[in-house]
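Labels run A, B, C and D following the written order; every chain starts at residue 1.
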Amino acid sequence: MTEQEILQGLYDRTLVGDAPAVLDLTDQGLAAGLAPETMLFEALIPALEEVGARFERGDFFVPEMLIAGRAMAGAMEVLRPLLAQTGAASLGRFLMGTVKGDVHDIGKNLVNIMLEGAGFEVIDLGVQVAPERFVAAIREHRPDIVGFSAFLTTTMPMFKANINALEKAGLRDQVIVMVGGAPVTQEYADAVGADGYAADASTAVRRAKELLAGRRAVAGTPS
Amino acid sequence: MTEQEILQGLYDRTLVGDAPAVLDLTDQGLAAGLAPETMLFEALIPALEEVGARFERGDFFVPEMLIAGRAMAGAMEVLRPLLAQTGAASLGRFLMGTVKGDVHDIGKNLVNIMLEGAGFEVIDLGVQVAPERFVAAIREHRPDIVGFSAFLTTTMPMFKANINALEKAGLRDQVIVMVGGAPVTQEYADAVGADGYAADASTAVRRAKELLAGRRAVAGTPS
Amino acid sequence: MFLNQMPRYEILSADAMATLDRGWRRIVSEIGVEFMSPRALELFRKAGMKVEENNVLFDPEFLLEQVAKAPREFDVQARNPANTVHIGGDHMAFGAVYGSPFVREGDVRRDATLDDFHRFCKLSQVFGEMDSAGGVVCEPGDAPLDSRHLDMVYALQTLTDKIYMGNVVSGPNAADTIAMTRILLGDIETVPATISLINCNSPLRWDDRMLDAQFEYSAANQPVVLTPFLLMGAMSPVSVPATLVQQIAEALTGIALSQLIRPGCPVIFGSFLSNIDMQSGSPCFGTPESAVGLLCTGQIARRFGLPWRSGGALTSSQTADAQAGYEALMTMLPTFLAGANWVMHTAGWLEGGLVSGFEKFVMDVEILRMLQHEFTPLEITEESLAFDAHAEVGHGGHFLGAAHTMERFRTCFYRPLLSSSDNYERWMRRGAKDAAARATEIYRAKLQEYEPPPLDDAIREELRDYVTRRRRELGD
Amino acid sequence: MFLNQMPRYEILSADAMATLDRGWRRIVSEIGVEFMSPRALELFRKAGMKVEENNVLFDPEFLLEQVAKAPREFDVQARNPANTVHIGGDHMAFGAVYGSPFVREGDVRRDATLDDFHRFCKLSQVFGEMDSAGGVVCEPGDAPLDSRHLDMVYALQTLTDKIYMGNVVSGPNAADTIAMTRILLGDIETVPATISLINCNSPLRWDDRMLDAQFEYSAANQPVVLTPFLLMGAMSPVSVPATLVQQIAEALTGIALSQLIRPGCPVIFGSFLSNIDMQSGSPCFGTPESAVGLLCTGQIARRFGLPWRSGGALTSSQTADAQAGYEALMTMLPTFLAGANWVMHTAGWLEGGLVSGFEKFVMDVEILRMLQHEFTPLEITEESLAFDAHAEVGHGGHFLGAAHTMERFRTCFYRPLLSSSDNYERWMRRGAKDAAARATEIYRAKLQEYEPPPLDDAIREELRDYVTRRRRELGD
């Protein structure tokens, strides 16, 4: 296969979520001397952008996003160590959790699926995540963004509690904070001092990318 | 009983449609020397106007209008010959029928009930009434108003056919023509040259009174 | 064609059935039913019934004998064989609204035109759930009066390839419908091809025009729906049981006439039962009384072994609003519970049948699709229990990515045509359109999608010639 | 209180029931159910179940024995004895929408406030068809967070004299509800007085906060509704049968816990079964799947001899439009067909439960009234056949003035609250208001009509003291 064929194959197989084929093509690509960055930025991420677009249009269903995301994640297992060597990272690292006192996770899971689909590395802390656990996980994983999900008006105040905990731990400036969940509104997000809010998974991805680009522009890092 | 009591009784009993009591009070009134006009214009017609108002407001139901009308009609049986002597007429005489080819009569029956309730004398020719029968009945009964009811767009053209027949018979100027029925509109009524249209029974009564007043004003008869 | 394999919901006890049975027998034998047609009276007199002027006093057993001659089930052929319909048994067939003089598009209510008629035909063709555009989908007020039935039949025949209903305004109109159907299909006696609606002029009277049409259709072996149209309070007593016995009396006597005209000809036990508002006198539709009447009627028709008609997306509402939504379903859901075989007014009915609504049409198709989905029996097998999915996901997980889900996610649930489950922000972003506004977009898009079903040029030519010739003869 | 004496519509065959029976037995015994509560695990361990970490593997027969301890039927007392409710058997009781963070009035959607909460309580009090305002009729966002449950219970107790639901956010909140109920009613153990909703964190996991509340309520003999809230595709497999067996497994294990806490304490088999849109992931309500699940659940709950909860006027729609109308009825009609004993979300539910709508509340009360009318069995007697009316009116006449009509015209038919059957001209004259616009007028008028039910001053004082004291303790 030519390099072009491998990239085309990676794009096509990722789009339909054929994980074994994607893994196989990734190996072939490396064997053929393709740069990990090339495979990531010219095949995998474009494939997932297309998946996102199709989902938005109503062509793709949630499970299709999920398997496309899984196929990409499989390839990333192989590529991430190599990318780390060359200094190119994933799109970004996203730490996600449903706040303490809340067990709603369907919405959060959807956001995770879409984020992974878009090329983010997602670390999911699950539900009922207390402020201390967020703090510890941020220390351990050094995410670019941390996301809080809440579905009860009675647990939305945990956004503020989490942000206070980050401030006390001196971590608030090191991460972008995003919040979401059915009862959450933009006004509420602003009121608690979050950096971003999104009403659904595809908007969440768009906002995450924007916020990251903004942050990196300020920090002077290449986007 | 005083005269006042008799008139009050007539009003009250007509309102609730108590036909035997109304007949009885009518006889008592005549025995006590009350003028038929007084009973008609100060008790019976006001009672039926109140019935109409209550129906409009949604307090009275159709059957209540019907029995009030019947109670009044009972009194009129006794009073009409006397009124004819003194020259005072009923409110007016209304000849009604559903046009040829059409058997819908619920709407027409409701209009009849309300007209009688308002003090009109109603002659109902039933359904499927051909133009010739309308002409013959107008010759016989000399009504002030003739009403055509149609519920099918396919029988609405009979309005025009009936009016043509009246013109041919030289009767068109002697009667007011009103039309109605669910598919009929004001525009259609105008187009066929009817004098009046109404979308429901209470409007029909109001229009009938207006048209009659207009006609009498023109003719110089006292209203 | 929908096959309703769910159980029927029956609410009449054996005692109640026996009481109703005594009731209709008394009516037909002691009060009788009027037939405003010398031909009909002659047939009944010959059959030994007691005829007094226009009134016929019946022997109930005679009626049952006649009813027994009618077929339990029959086919009605469409020019596209895939759209041929089976009437009876567990089958349900659906036709659009019938007879409205007005149409409503969005906020505009106006006189119906032939163009509206054509557009409703196209919608009925495009939506696969509809088995027929019905007959008079709306009354085309701009077409010449005496010959407009020709325009309607021609439109139904050419714009759709589904079955259609015949014209019943007069005997000659019925004959035209039959003649045009013969041109389209050739032999229409072996398998009939057009259903017609004969309404009783209740209480207890069959009208001359309707009977003339019935004579034509039954003689030609075309099915007629004999429908007592009963608005309680006006055409029948203010009691559901009393109305049910009147309905049986009227329907069975009409059916008996068809069987005297041509023994064994197909008939449908019709029912259209609602009430007037006793306060204002207006007819009401989608009422609880009407739903109860419908459930009872199904049970009664099955008792007589006859296919039956009832139901529809009925409403008194003036627009495609919430009332239109719940009233339509208030009649349609019982229609499925009771398993009506031929359902008129399935889509588009507004304002008590005075208006055919374009938005309402879409809404009703959505309701129809939901119910067809709902009344498809569950497969309950070991496999359907998806034990492996439970084992795979375990506790507190989600099934979005389970293998079981992956195999089925596209088709596992009903997918709406009109209903929206968008979250609020997305809904706002898309213009905050309510169901009526979305329905406007849908029917316009569907009209774009429409493709005329192919038709042999020679047949089209012959139909057109027939219409031209008859229009000339009728002087329009 | 409504007594549903119509037949139940049952769609599961004996075979299907047997298959489902095998299904839940496998789940509880081979996969097990997690309980995130050491107290609960201890009780199960003592009862001889196999406990592995948080997971309990059950002997199905053990579950059936526990279920057999629960009462089949019980009363829930209201402070106005006329509003005491009976749960179980053929009885159906109705409570308003529960839990929405937002409200909608006309075109405005906004955060819910305590004032909204009060107004919904008043509407629930005014409409006689409603048996309860429910619990969290909307979430009063402007009340202090940690003590707002006190405001809600106080409002339910003082603004209505009907039964109400308890707070389940935590064990202490549950204890507050119980304490305030004791102040209001004294002895609440003999006849319980407040129903609480315990949702399962499906699949197959019961959450600690919910369990804490359950411990409080069951120990105090207050009924709990153990509800597996299953959105197929997310919390359960994309198959109705698979979801039904999961529902049984979750509900029975929750019920068993209550019976271990206090044998014989009242419980309600809860069901809330719908699906997500597999395309977007949004929850859908008023779906055909949900209707089918509801019918099956009724049959299953009766099989276990338990009172059950399901139904409601559910919809995904964002406004009180046509979709809201047909979806609400698409769940409510099956609720009556299946005879649910306790019905939450009867009035006001919009947008998948995120919004409590004032117009929607009125619409739903209309639907509820229609169904209560529809599900009142017909009296079919000789007299009901009104033979004399037929004889009086004869052929082709009308029944508007028949003696039979005269005796009955005021009450013979259902009289709508919201639906309009005005003819077009009259409707235009009255401002061409659609159902939503008329609903606005109705709920405003009803709020004017509201009168607070009398309450003993001493009790009111004591309740107020309790609220003040606890609020201070909670630091709000």
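Going forward, contacts are C-beta pairs under 8 Å (C-beta built on N, C-alpha and C of every residue); 3 or more make two chains touch, one makes a residue touch a chain.
Chain labels with UniProt names: A, B = Cobalamin-binding protein; C, D = Methyltransferase.
Being a predicted model, the structure only gives us computed values, none of them experimental.
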(request) Chains touching subunit B (Cobalamin-binding protein) and subunit C (Methyltransferase) alike, please list them. (result) D
(request) Mind listing the chains that sit against subunit A (Cobalamin-binding protein) and also against subunit D (Methyltransferase)? (result) C
(message) Report the inter-centroid distance (CA atoms only) between subunit A (Cobalamin-binding protein) and subunit B (Cobalamin-binding protein) in whole Å.
(response) 79
(request) Express in whole angstrom the distance between the two chain centres, defined as the mean CA positions of subunit A (Cobalamin-binding protein) and subunit C (Methyltransferase). (result) 54
(request) With chain centres taken as the means of their Cα atoms, state the distance from subunit C (Methyltransferase) to subunit D (Methyltransferase) in Å. (result) 36
(request) Give me the residues of subunit D (Methyltransferase) that touch two or more other chains. (result) 201, 233-235, 278-281, 354, 396, 398, 400, 405, 409-410, 423-424
(message) I need the residues of subunit B (Cobalamin-binding protein) touching at least two other chains; which ones are they?
(response) 61-63, 103, 106, 110, 182, 200
(message) Chains as vertices, touching pairs as edges: which of line, ring, star, complete or other describes this one?
(response) other
(request) State which pairs of chains touch, listing all of them. (result) A-C, A-D, B-C, B-D, C-D
(request) Name, in rising order, each residue of subunit D (Methyltransferase) that touches subunit A (Cobalamin-binding protein) in their complex. (result) 101-102, 111, 139, 141, 145, 169, 201, 207, 209, 231, 233-235, 276, 278-281, 354
(request) Using the touch definition up top, name the residues of subunit D (Methyltransferase) that touch subunit C (Methyltransferase) in the complex. (result) 6-7, 9-13, 15-16, 19-20, 22-23, 26-27, 30-34, 54-55, 109, 201, 203-205, 232-242, 245-246, 275, 277-289, 291-292, 296, 316-330, 333, 337, 351-352, 354, 363, 366-367, 370-371, 373-374, 377-382, 384-387, 389-391, 393-400, 402, 404-405, 408-410, 412-416, 418-424, 427, 432, 434-436, 439
(message) So in the complex, the part of subunit A (Cobalamin-binding protein) that touches subunit C (Methyltransferase) is made up of which residues?
(response) 61-64, 66-67, 70, 103, 105-106, 109-110, 113, 127, 182, 199-200, 203
(request) Would you tell me which residues of subunit C (Methyltransferase) are touching subunit A (Cobalamin-binding protein) in their complex? (result) 396, 398, 400-401, 405-406, 409-410, 423-426
(message) With touch defined as at the start, can you tell me which subunit B (Cobalamin-binding protein) residues reach subunit C (Methyltransferase) in the complex?
(response) 55, 58, 60-63, 101, 103, 106-107, 110, 153-154, 157, 182-183, 185, 200-201
